[in-house]
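Handing you this structure, nothing more for now.
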Amino acid sequence: MDPLLPYVAELNLVDHHCHGVLRDDVDAVGFEEMLTEADVVSPWGTSLFESSVGLAVRRWCAPLLDLSPHAPAAEYVARRRSLGAAEVNRAFLVASGITTFLVDGGLWPERLVGPSVFTGSRELPVIRLERLAEEVIMGGATGFPDQVRRALATAPAVAAKSIAAYRVGLELSGERPSDAAVVAACERWLASGSGRCADEVISRFLVWEALERGLPVQFHVGYGDRDLALHRADPSLLTDLLRATAVLDVPVMLLHNYPFHRTAGYLAQVFPHVFVDLGLATHNLGHQAGRVFAEALEIVPFGKFLFSTDAFGLAELYHLGALFFRRALSDFLLSGLRRHAFGEADAVRIAHLIGSENARRAYRLD
Amino acid sequence: MDPLLPYVAELNLVDHHCHGVLRDDVDAVGFEEMLTEADVVSPWGTSLFESSVGLAVRRWCAPLLDLSPHAPAAEYVARRRSLGAAEVNRAFLVASGITTFLVDGGLWPERLVGPSVFTGSRELPVIRLERLAEEVIMGGATGFPDQVRRALATAPAVAAKSIAAYRVGLELSGERPSDAAVVAACERWLASGSGRCADEVISRFLVWEALERGLPVQFHVGYGDRDLALHRADPSLLTDLLRATAVLDVPVMLLHNYPFHRTAGYLAQVFPHVFVDLGLATHNLGHQAGRVFAEALEIVPFGKFLFSTDAFGLAELYHLGALFFRRALSDFLLSGLRRHAFGEADAVRIAHLIGSENARRAYRLD
Amino acid sequence: MDPLLPYVAELNLVDHHCHGVLRDDVDAVGFEEMLTEADVVSPWGTSLFESSVGLAVRRWCAPLLDLSPHAPAAEYVARRRSLGAAEVNRAFLVASGITTFLVDGGLWPERLVGPSVFTGSRELPVIRLERLAEEVIMGGATGFPDQVRRALATAPAVAAKSIAAYRVGLELSGERPSDAAVVAACERWLASGSGRCADEVISRFLVWEALERGLPVQFHVGYGDRDLALHRADPSLLTDLLRATAVLDVPVMLLHNYPFHRTAGYLAQVFPHVFVDLGLATHNLGHQAGRVFAEALEIVPFGKFLFSTDAFGLAELYHLGALFFRRALSDFLLSGLRRHAFGEADAVRIAHLIGSENARRAYRLD
């Protein structure tokens, strides 16, 4: 392994999409259940430590808890519990070198807590659109459009997040829905008796409203848990919506993208307002992340790629997400430098763009 | 090239999905026609020996027939014929190091014969669901559901195989069909006058019946011959069915998967009963198989990946399937060991899981 | 970096699909706008020189204009303008080593000019089917089928080009449309008031007519500008049409294909009349093209892969397309030679097939 390029090792990263970390300790089964996108450990497989990310925890996280590299899984979890959640969270968050976190805190708010509690880093909220809708719908269908507008206008968020991929798939129409159409959709939703926002018109309305208020919108794309169907989470299904919203001139972020990262790169090249990342996949692929990272950078302009971890629950995922991002970025740059594809000044510039500057520009963080 | 890791070279492989080998000799054209998934040799292209698998035959199979590596194609085929089918079959099957074969013998039963005839290895049958339906439908629509149940209950098979990908595509509904719906589908089928089972309700019924009887179901996914449309053979189209059948707690195997192997890995991670392999692609990619193998192992838990050849007709394909599998697995492990991503005990463990233990567990072979 | 294999460096390439080069000079913004598939330079990103192809221009094109490798973008564009379009075009076209160009001149005919003007190379026209239809429809619906036939019969073209991917997507039916169906579609088109041919029946009709006249048909597939939706440009959507047209025994060329290049390779393997290339992607990926090139060659028979640049406007793209093609091909062959996957005679043969012989055979150029 080559050493990390120093200007990659020293990047102060902006993690433009992550969730909180567990407030409390977790036992061995709970740890495995949060390690990958599987809900449960399957009796048909073996331990989920027997996966790329599991190997990565034993290799790269164990030493931060004063264990040997490759420590056995049971020893790792025991040591983790003996230290306690607060110390573990602090250790991994500090090691990540992330100095700004954009946090979607809308999942498990009772069990998770923001990373800044442990590091004092800058933390900025991302508002979860479908969750907002699920709160606003309580007030009835008629006032729904105005209530959503009011909530977005007053939310302290720097971005909004859409999980349309999970609820209706990404094939959203390009048409901005009228309030009447939204109210009708809300009436159908209320009549269904479900508390879950899963309507294409409403998902689309939420995205338009956020963008029109100047809030960048993050879309879950591709890889996630089993509640989605991967073929409905292909980012090119968003093409009509991207075409229609380009005129608003507000960033749209395609998150994760694996295994559609090449398709996402295409969208970021041709649509002026589209950015992409490789969060979630980076730590899940572990030592193999470099290949996918290089694929993701094939045609995306370097001014349109962002860093994120998508870390959720386990603080290890912040550390691993940042570590394998730095490793992949460094390897990508070193490989180009060795072929004389670009010079060192270019490499430094690309590192800073991807590590933090693109996020600062897109979210107006400065 | 690095030498194979000894614990990979010595694996006694379980080939969890293959077909038989040709009983009789084959001429030059016949050989080329069985080499890839093309039905015929095209006058627009050149010899099908000018392909990854063709080069692999000349490089790796020629020496086993006492020819030089890279022997010309014509010399290879002539030598093969002079030795005779029985000796050729024996040579390649023994060289493969496969000790257990799960055989889908439902294609060309008159021309193919099981591999154990030549090696004395363990051979276990896989029942082909659409073929079973095509036999049972002869007895009429009304008794179809019960006859299928009876046949599955008494079949000596260790697994069932669905070729829904070829017949109706993989977008199967998650609903278990009622007997009445199946009978109605059978009546439509009989009225169509076709002998071919190509009905979504029936394919789905067959899968549910097999799983409910505890028979693991293998699905053809992705790469195959020209009778399928690749976009309808994307494994994520199975999501609804996988979600619905998870409660049955019986393994579902996604076969081949190329070029959807990353999507398949996702499904194996998030669904407790899903396993995947890279059969067919491994020997067709030849010396390039390592890259795709590594991609296939990105997010799949190591307890959910299986070895198979999908060899059909030519005994060379068993040899090449096993050889490039071992080469790819060894390279994958060596690369990880060199980066210190895991230790040697982990590498040995992963090799055994993938080479045989996962199959033994999933099919209860012990 | 390894040196290029001499027999790859010396290939006289046939570029089986490209467009013309700009007749006049272009300023900095205009240059960036033609560099990638983005229409405009986005204020949200940075300069489009900060992309794989932008780095490649500075590295590999600058020295041909007597600048240092990696010259700054502004210096590059200034130097280019000072030399003038004619000299720049000549320099890059000569450097490409392409000796035969098949040119789709149907886009921007007023601003672009064929490459042979600058090199004296052989240049052969490709007729653009949708453009032909847009001319013929002026004469009314009734005579449309006959007028199309007359135009195709007398066109000097060696091939026809379909941009169905942009207009209706690639999911074309396999049925040959009747003249009556075509006339009805034309009437609908005329009634719509649009000048744009965007009808599935008409696109399909044009393809059948060209093939029946023995004209190979090129399809835009995959990567292109933002007027398409990538998921509707998947080549496997063409399966029904490919199955139906196989009997005509006339080549069908799948162009570009990224990121569906593996799927395209599958189609070229199983359909006797299908060829594929990796144009457009090759220069856009720059120093990363080798990985995708190797992926594209995984299962395609070597007699079915073609070279093209898809260069449009900027003569640099001919140079980069040829240069990265040679680099990728050389690396592919060297890697195989080092692993002893094939011998040197095989490598020379594969280089010549892909560099020119496949195109000569498919288009009957000799």
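In this document, chain identifiers A, B and C correspond to the written order of the chains, with residue numbering beginning at 1 in each.
Quick note on the criterion: a residue touches a chain if its C-beta (ideal position, glycine included) is under 8 Å from a C-beta of that chain, and two chains touch if they have at least 3 such contacts.
Everything numeric in this text was worked out from a predicted model, so none of it was measured.
Trainee: For the two copies chain C and chain A, is the contact made of the same residues on each side, with over half of the numbers shared, or of different residues?
Mentor: Under half shared, hence different.
Trainee: On C-alpha atoms only, rotate chain B onto chain C and read off the angle in steps of 5 degrees.
Mentor: Fitting chain B to chain C on C-alpha atoms yields 120 degrees.
Trainee: Rounded to a whole Å, what is the gap between the Cα centroids of chain A and chain C?
Mentor: Here chain A and chain C have centroids separated by 36 Å.
Trainee: Could you pull out the residues of chain A that touch at least 2 other chains?
Mentor: Not one residue in chain A touches at least two other chains.
Trainee: Contact residues on chain C for chain A in the complex?
Mentor: Residues of chain C touching chain A: 1, 36-40, 42-48, 50-52, 55-56, 58-59, 69-70, 223, 225-226, 228-231, 258-259, 281, 284-288, 291-292.
Trainee: For chain B, which residues count as touching chain A in their complex?
Mentor: Chain B residues touching chain A: 234, 236-237, 239-240, 243, 249, 251, 262-263, 266-267, 269-273, 275, 294-295, 297-304, 336, 338-343, 346, 349-350, 353, 361-362.
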